[in-house]
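Next come two complexes built around subunit A: one with subunit B, the other with subunit C.
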Partner chain A sequence: MATAPANVEAAGVRSSSRSLFNGDGVARIVTLIFALLTVVITGMIVVQLWVLSAESRHAFGWRFFWSQEWDPVFNKFGALPFIYGTLVTSAVGMLIAVPLGLGAAIFLAELAPRGISDFLTFLIDLLAAVPSVIYGLIGVFILVPLMRTEIQPCLKRTLGFLPLFTGPAYGIGFLTAGIVLAVMIVPFIISVSREVLLAVPREQREASLALGATRWEATWKAVVPYARTGIMGSVFLALARALGETMAVTMVVGNNPRIAASLLGPGYSIASVLANEFSEATGSMYVSALIELGLVLFLLTFIINGLARLLIVVTTQRGSGMAK
Partner chain B sequence: MNLAWRKTVNVIMLSLTGLCAAIAVSALFFILGYLVYHGGSDVDWNFFTKLPTPVGESGGGMANAIVGSGKLLLIAALIGVPIGLLGGIYLAEFGGKTVPFIVRYTADMLNGIPSIVIGIFAYAVAVMPVRHFSTVAGGFALGIMMIPIVLRSTEEFLNGVPRAMREGAMALGASKWRTISSVVLPAARNAIMTAILLSLARVAGETAPLLFTAFGNRFWSPGWGQPTASLPVMIFTYAVGPYDDWHRQAWAAGLVLLGLVLLVNILVRTVLARGISAQRS
Partner chain C sequence: MTFGKVLGLALFVSLLGVPVRAQNINAAGATFPYPIYSKWFDEYHKAHPNVQINYQSIGSGGGISQLTAKTVDFGASDGPMSDDQLKAAGFKILHFPTVLGAAVLSYNIPGVNAELKFTPEAIAGIYLGKITKWNDPAIAGANPGVKLPGDDIVVVHRSDGSGTTFIFTDYLSKVSPEWSMKVGKNTAVNWPVGLGGKGSEGVSGLIKQTPDSIGYVELIYAIQNNMPYGLVKNAAGDFVKASLAGVSAAAAGAASNMPDDFRVSIVNAPGKAAYPISSFTWLLIPAQIQDAGKRDAIKAFLNWMMTDGQNDCEGLAYSKLPAAVVVKEKKQIAMIN
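For the complex of A and B:
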């Protein structure tokens, strides 16, 4: 695969004079233009976000990031409650999804027979295809009432001494949003981690089993550490999804720009405030501040995605290097 | 650490991993079950043929939202498929080193951009200049989201076509483009169709980028320049609205949307994908 493009290019140089007649040159240029359109569109997204948020960036500067005020009437905008909400809901989601996803991936890669594993992975892939608004629907009508009447009162009774679980049980809030996020990102963690675990060489397992390790010890102490970087990659990919997830969070987080220690109360997130307020925003400063929030969200996910890809590339290269 | 203890830990941890897998898979059945339970009785002929009724009147359907989603997907396909497909052909067949690297990198970056941010971009490009929401703007946002998926899978599947097939065509005197268009592309056709259908199914459920591009519409949307209703946005609006009647409709719409998405996924992954593996072997 790696040598093909080089040959093609050499051939292209040799026959460049003839190629215009048989259509090769035209095809090359046309497909190149379409390929570059991808770059142009991505570039335009970044430029538009930057340019359109100029008014807000100039007016608030770095204060935008630590001001808690969000007052469209007096044109005072601060992003802190939204950034806080995005980070907290994602953190709750990750705390639930990472152990769950890793456990399921271990089961699918190490224990389940291949046929069953493939079938379950197929179902997990279907779960990943469920639109986020459907998760929101289930969240609003099933999870929120359940949280209000059962789970949150129970948490308050048992763990109420922690500041995390205080205050009235509304049903909506950071914790509920985090749980919905967890279910949404678990499929990504499972399918990538399973692939990574399946790519671990057999010798790694056999060697530790031969030394007398139990199945679990072999998995946990030999296989998982070997695949660690790739698993981290899948975790970061899932994190980027969680940070940018809009609909499901909007429907259950409570939409109240608030910073509080308790996970039970309502909050807000960057994506939700965009979903709720963007189409109704009046005044250029208001729109500009919302677009700056979009820029912040873009940068957050961009950095996390970059890290994820780096980790996955490192693992796959190390893996193939060892295979040789 | 004696053996009995280690064996106990072994059994406990292994059963826990099984439990994790069971929980993750059961989420799918919970979602499907709840949707059928709450929405099943409201999915009837009216749902597909009638407009939404004013608040308070029962009955009515989401015909305009279903047609609206179809129109949005058509525009999305018109934008996403040519760019993704031809770009993918370039990456797999013509590319050198630098340009494909940049294109791949930006495509992955584009794939990671949250859908709501894509919505802002579509708003800036297609709504702000004309000062009103439109079907085209919504389709444009969805089309952008399709590009990276179609692009990367086209490249991957074209790379999977055996070299021998290309060389055979070349040896018969076919030009490079002739080889691609009549040998390589047909060989990868099913796989590429799969990728396109899956990407359509993925953007069909996208809500966030439509909120301030296609917006919503209680009536039929004439032409392409007006705001239009769509299934996902209807589900959102109806679910967060205060009326019981709306909630029932939201469940029904959710069932229809999920049914369509899952149907496409299952059909494509079983029928078309089987064709692919048969071809490869």
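For the complex of A and C:
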């Protein structure tokens, strides 16, 4: 503490050299470069996709977005079935994963004893590190037969009046892909949400409990809303992963570019068709159309992320409004 | 001197020790012949330590585009290059058939253990979505005595772009005018019906798990995995079960009217023993190679591949080139300069 005034004096004398050598300046420049790199890389990807998809963009124009044809032989390409498949499989995955993940995170952060919570979290983090092809294989060999013989016939018997659950039960399709996606993204939601919930100040809980709330009321009405922004963040991280997942989806989705109302039917996703067809694609128009699909996926992720940000802003404002 | 410096020096000296005339040749392309190509390049390197061929199995499309961009010394493809592609390359490219592949029809019908016979009309009808039941007369007619169920056929195809799909759709285009007009041939097509499985393992997984299904896989894959597969009626009117010899017979049948550039489809080839869903796979070699060392190394390798190399084929379940084709190809080697 005694040296502090001396330091300040010295800084006054040689402020320029100090700002460079005490680390602050260097750290500032280095971190700025790192931050800019992400922007530059993203920009370069977009530019490259834009340039390389020129042939397809000129040939199909906006029609690319709503055309349903995908014909490499006659060079007719449209993205709609793939956009549809990407959105549907991700939506099914999120519908299952969000309640499951949030519930598990609340249990781990608020209700479970610390030891059990840490051990389970370790296992969940391990799940997040499993390569997606493993999830795909588990899907093909375990989930698909189960879906075909048990789950899908059961859905048809009970909910068959809905167009969502009609048609033959192949075992593969939108629903199966959505379930595999849910298993894959749930660890992200749990892991991040738990950290966020644990970071909520004790006073938040204690104040609520002091007002006579039960433990669950304190958790649900005081802790979770406080952590809402972070939880949303975990959900959108999971969504981004679901939209871009390639291997696991392509192994169980059926790889058929058709738009069908039934979740039991086969479909296709953007990432899957890229993985399937890019390596053996011959002909410049074909390659160009595949690259444009990549651009569409980028755009889709961009729009969904934008909507997500908007949602956070809106709900946070409403939250503070309620607090008043 | 620190240990690191000693190590560095030793490494440097050992690098200098490599023969000065070492030829590093880069190639890229088809995945289907990759097992035998990697064996060939490895064996050839052992016999000729100064020649090292690096092969990236990135797919036929990638092989063609890398060769066109001249980022590799030669390419490899499961389908011959089209006239447009050759024109786009801007330099002369020679096709060298290396080995043969075939697609077989595997199926899973509960209660049916017999080897089914398929006519070209039945196969095209099934894949066009016009034949939807197993007991359709088009199938049942060729299989007297087999009790086929009246269930819906579940059609399975490859979802990833592949040489196998090229062979299969090439065959369908040849035997069915309707297929040729509506769907055509390519490494991936707009399938009128069916489920897509990724890779041979994806297709075979779907067939094994789905009752009443049918799908096509590479002959090699079916042999290695003991998958049952059906007989197909060839151009001579005989039902043939796919075998390594049957595929070579198809190539021999096609050899008589082989075009000089080897860009030939041998599906539905003449000959009683010929299996009809067969195809060559090709190496794509530039006709002009500037670097004399590289040129000689590639020519020597091609000669070796067509003689000693062919002996490796059957161990890896590829069909050999017929003798007539080898003779013709050796003449083409002389055209590289």
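As a working rule, the second predicted complex is superposed on the first by the 257 of 324 C-alpha atoms of A that agree within 3 Å, B and C clash if a C-alpha of one lies under 4 Å from a C-alpha of the other, contacts with A are read in each partner's own complex, and residues count from 1 in each chain.
Here is the rule we use: a contact is a pair of C-beta atoms (placed from the backbone, for glycine too) under 8 Å apart; a residue touches a chain by one contact, two chains touch by 3 or more.
Everything quoted here is computed from the prediction, not taken from an experiment.
Undergrad: Touch check for A:108: first (subunit B), second (subunit C), both, or neither?
TA: first
Undergrad: Examine A:140 and indicate which partner it touches, taking first as subunit B and second as subunit C; both and neither are also allowed.
TA: The answer is both, since A:140 touches subunit B and subunit C.
Undergrad: Now for A:196: first (subunit B), second (subunit C), both, or neither, which partner does it touch?
TA: neither
Undergrad: With the two structures laid over each other on chain A, which partner does A:31 touch: subunit B (first), subunit C (second), both, or neither?
TA: First partner only, subunit B.
Undergrad: Could you tell me if A:256 is touching subunit B, subunit C, both of them or neither one (first, second, both, neither)?
TA: In the superposed model, A:256 contacts subunit C only, not subunit B.
Undergrad: Mind telling me which of the two, subunit B or subunit C, contacts the most residues of subunit A?
TA: Counting contacted residues of subunit A, the larger count belongs to B.
Undergrad: According to the stated criteria, A:243 is in contact with first (subunit B), second (subunit C), both, or neither; which is it?
TA: A:243: touches subunit B, not subunit C.
Undergrad: Tell me the contact category for A:148 with respect to subunit B and subunit C: first, second, both or neither.
TA: second
Undergrad: Could you say whether A:123 touches subunit B, subunit C, both of them, or neither, answering first, second, both or neither?
TA: After superposition on chain A, A:123 lies in contact with subunit B alone.
Undergrad: Return first, second, both or neither, reflecting whether A:73 touches subunit B, subunit C, both chains, or no partner chain.
TA: So A:73 only meets subunit C here.
Undergrad: What residues on subunit A does subunit C touch that subunit B touches too?
TA: 140-141, 250-251, 275, 278-279
Undergrad: In the complex of these two chains, what residues of subunit A are touching subunit B?
TA: 1, 4-5, 8-9, 11-12, 19, 22-24, 26-28, 30-32, 34-39, 41-45, 48-49, 52, 99-104, 106-108, 110-112, 120, 122-127, 129-138, 140-142, 183, 186-187, 190, 214-217, 220, 240, 243-247, 250-251, 271, 274-275, 278-279, 290-291, 294, 297-298, 301-302, 305, 309
Undergrad: Given the complex with subunit C, which residues does subunit A contribute to the contact?
TA: 69-74, 140-141, 144-145, 148, 168, 170-172, 250-251, 254-256, 266, 268, 272, 275-284, 287
Undergrad: Quick check: in the complex, which residue numbers of subunit C touch subunit A?
TA: Touch residues, subunit C against subunit A: 31, 58-62, 64-65, 79, 82, 84-85, 88, 152, 154, 159-163, 183-191, 194-198, 202, 205-206, 209-210.
Undergrad: In the complex, go through subunit B and note every residue touching subunit A.
TA: Checking each residue of subunit B against subunit A gives 6-7, 9-10, 13-14, 16-21, 23-25, 27-28, 30-31, 34-35, 38, 82-83, 85-91, 93-97, 99-100, 102-103, 106-110, 112-121, 123-125, 133, 144, 147-148, 151, 159, 163, 175-178, 180, 198, 201-202, 204-208, 211-212, 215, 232, 235-236, 239-240, 247, 250-251, 254, 257-258, 261-262, 265-266, 269.
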